[in-house]
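My questions all concern the structure below.
We just call them A, B and C in the order they show up, numbering each chain from 1.
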Amino acid sequence: MIQGIAAGLCLVLAVSLQMMRDRVWPRETAAVEQLLYVRSPEAMKRLALGFDALAADVYWIRAIQHYGGERLKAGGAGKYELLHPLLDITTSLDPYFNIAYRFGAIFLSEKPPGGPGRPDQAVALLRKGIAAQPGNWQYYHDIAFVHYWSIGDAVAAADWFRRAAAQPGSPNWLLPVAAAMLTRGNDRASARFLWQQMLQSDQEWLRKNAERSLAQLDALDRIDGLNQLITAMGKPGGQPYSWEALVRAGRLRRIPLDPSGTPFEIDPVTGRARLSTASRLFPLPLSMGRE
Amino acid sequence: MRAVRYIAINVFRESVRDRVPYNLVLFAMLLIGASYLLGQLTAGQDVKIIKDLGLAAISVFGLFIAIFIGIGLVSKEVERRSIYALLAKPISRPQFIAGKYAGLTLTLLVNVAVMTAALYAVLAYMTWVTPAHIKAGWEAPGVDPVLLKATLLIFVELMIVTAVALFFSTFSSPILSAALTFALYVAGQFNTDLKNFDQVVESKAAVWLARGLYHLLPDLSAFDVKLQVVHGLPVPAGYLAATAGYGALYIAALLIAATLIFSRRDFK
Amino acid sequence: MPAIHIEELTKEYAVGFWRPRPYRALDRLTLAIDSGEVFGFLGPNGAGKTTTLKLLMQLIFPTSGRAEILGRPIGDVATRRRIGYLPENPSFYDYLTAEELLTYFAQLLDVPARDRKRRVSDLLDTVGLGRERRFQLRKFSKGMIQRVGIAQALLNEPEVIFLDEPMSGLDPLGRRDVRALILDLRDQGRTVFFSSHILADAEALCSRVAVVAAGRLVATGRLNELAEFRIRGWELVVANLSPAALESLRPAATRAIEIGSGRYTIELPLSETPEQVLPAIAAAGASVVSLNPLRETLEDFFVQRIAEAGARTRGDAVAGGHAGR
């Protein structure tokens, strides 16, 4: 009994001394952390002695901790230097480590201060995933996402979405998204082409979606045409823009209607044509660079 | 009290007769010599590499001695049943534990001292043969007395590991004791991660648990001042004293707990 | 005051992991051994002999009951200066020589420094270890280790000596030496408490014995009281017996064995007293070489009592079996 108390007392005193020492001489953990003794994935594979999956887990945890730690640094000081090497080693040790590729790509493509802003590394990582699992539609999808969100290339994104849709077991919303991407990228011809393909689909909701989207594309075309017309006409002296003015001027036969039959609106001040909010087709897909 | 001394001397004698420390010390010395050859390959960094390697070797070999002899202190005696004749002598069980611990500490002291001396010898030779203009670029002198601070803390760290091994050895088999001691050693090295848990995790319960573990587990990473010493960075005397004091108290707690368990044990 | 006093000493172990059941290795042992006695503690393997000795040495702790050695409770460290102990199948430190081991133990026993060397040397002579004393124990045979064990039990010139199976591992010559040693110790006025399952040793050495079986004391007392059972017959050795005379004796005898020409060992049952037979032998012209009573030996007693104890145990269903010590 008394021995137990004595042991406990010694431990308590030890801990008090430890806490006092930590207060007086705090140990800088930052300086030591940025060390990655083994950078080469091949070397790490050999070192892991067959415990590859476990080592991959350890490196994955380190990658998350590194990302989180860098993000939490005050004033956006984080540099994320070790993020790519850590993810590279993780996926080399375990090529089937799905979330390492997917989340890793998200981390890598985040713009500073939220991340290193390296979509190129993100795409490289995902390509590595594809090399390991060629039929995995998720990697194609993620590459498409990186292209759209971080690089800003909607046409490339659409291409990758299409390739994702071509993989076995891929969900059926990939093609519509590809088409939407093309619209984003102002490539309406390709978008139309995709939507028309989807009209052949045996799924009703897909057909309906395709019909609607095609109608929306038509509306966009018409708006463009109307805008050209209005620009050519110039502003009616001092008057607000209106369809009536155009009709009276003989440019238009009647008030223009969108493919769903609802009249377009015209902004009285800027003279830009737009879709009525009452229209069935509202809202129209926006394109990159317009908003 | 004389009993403690006699038991300690016998432990020391066993470690010498078992020839294990001889081999290790020899190997460490060879390693240090080899590091000198390796140092020839790097540009002026050889003194740093030798210090790094030397201190690391002292730490690692000391660790092996501490664990493998430490677990045998009690478990081996019980397994071999030599403990029956011993405990029938007029010694109390606490004296037995104290004597065994003192004996292994003595063994460690001798081994660490020999290895440190060998390291200094190599460094002295290096300092002697290196031309002055290269020496001017060294961050810290070759034969640096500050290295002793590192070896002192390594020694106290090894004493803690020994106490842990002895503690486990009072109630579990040799193999299990070795595994547990090693696991605790590894945990103690990564202790600071537990302390800084609040920086990476949100759950309050997890942070408290981690903090608790940080204080309960031996804080071994604090004893590692190799980096500072090799680069000539200061290690305050107060830090040494506080850390060594922490070690002494932690050891006391472990030994008392070991005595507690050992005193109740039936030796079937 | 008895040298050793044991009262209701009990040791129970919990056997089994999930639902531990108690196993009684020793059940309420009560004994008193006087100073100067050579006391034999007998029983088959697993009876609780080693358990008792370990309890007395405080290597294990009693579940209940108490014991005293030289008037002090067991566990008193100072008493251990006045006693000696030889464990069963002893094992020491491989890396020490016999001399070093004894010196080490002598140090722990507080033998004064000036006496140590001489005493170690004398004891090694006594147990018959000559040149071997300088070899490491790892090179020793079982018998040699046993001798070292006996030596280390006597280092401090103890008043009470506890020996657990002292004869084990020894050849007949060795056993004779140990017997002589024990008798020597008795003559020096020391108390010897030894356990054995070899009855011949007890018969030769002990003044009193106790018999344990399945953890229980089944008998205790003077050897001649216990073993003086019924004389169950006579053994008659006759010489110059003619075949005709032999035939006339046969009906009376249980057995007749020829030793040599004309010499016979004739066993007579209790009913045929020698007085009835001797005249016939004298009349036949034969001569009597020897006449001895046949008694039950301790062995027979042993077997009988153990069987009784076993039956009682099975009836009680207390113990879990003869599994441990």
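Just so we're on the same page, a residue touches a chain if its C-beta (ideal position, glycine included) is under 8 Å from a C-beta of that chain, and two chains touch if they have at least 3 such contacts.
Since we're looking at a predicted model, the values are computed, not measured.
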| item | value |
| --- | --- |
| Chain contact topology (line, ring, star, complete or other) | line |
| Nearest-to-centre chain - CA centroid comparison | B |
| Approximate Å spacing (C-alpha centroids) for the pair chain B, chain C | 50 |
| Between chain A and chain C, centroid-to-centroid distance (C-alpha), Å | 90 |
| Complex contact set, residues of chain C against chain B | 13, 54, 57-61, 77-81, 83, 85-87, 89-93, 95-96, 104-105, 107-110, 149, 152, 324-325 |
| Chain B to chain A touching residues, read off their complex | 192, 195-196, 199-200, 215-216, 219, 222, 227, 236, 238-239, 242-243, 245-246, 249-250, 252-254, 256-257, 259-260, 263 |
| For the chain B and chain C complex, residues of the former touching the latter | 2-3, 6-7, 10, 13-14, 17-18, 80-82, 84-92, 264, 266-268 |
| List of chain A residues in touch with chain B within their complex | 3-4, 6-8, 10-11, 13-15, 17-22, 24-25, 27, 29, 32, 65, 68-69, 72 |
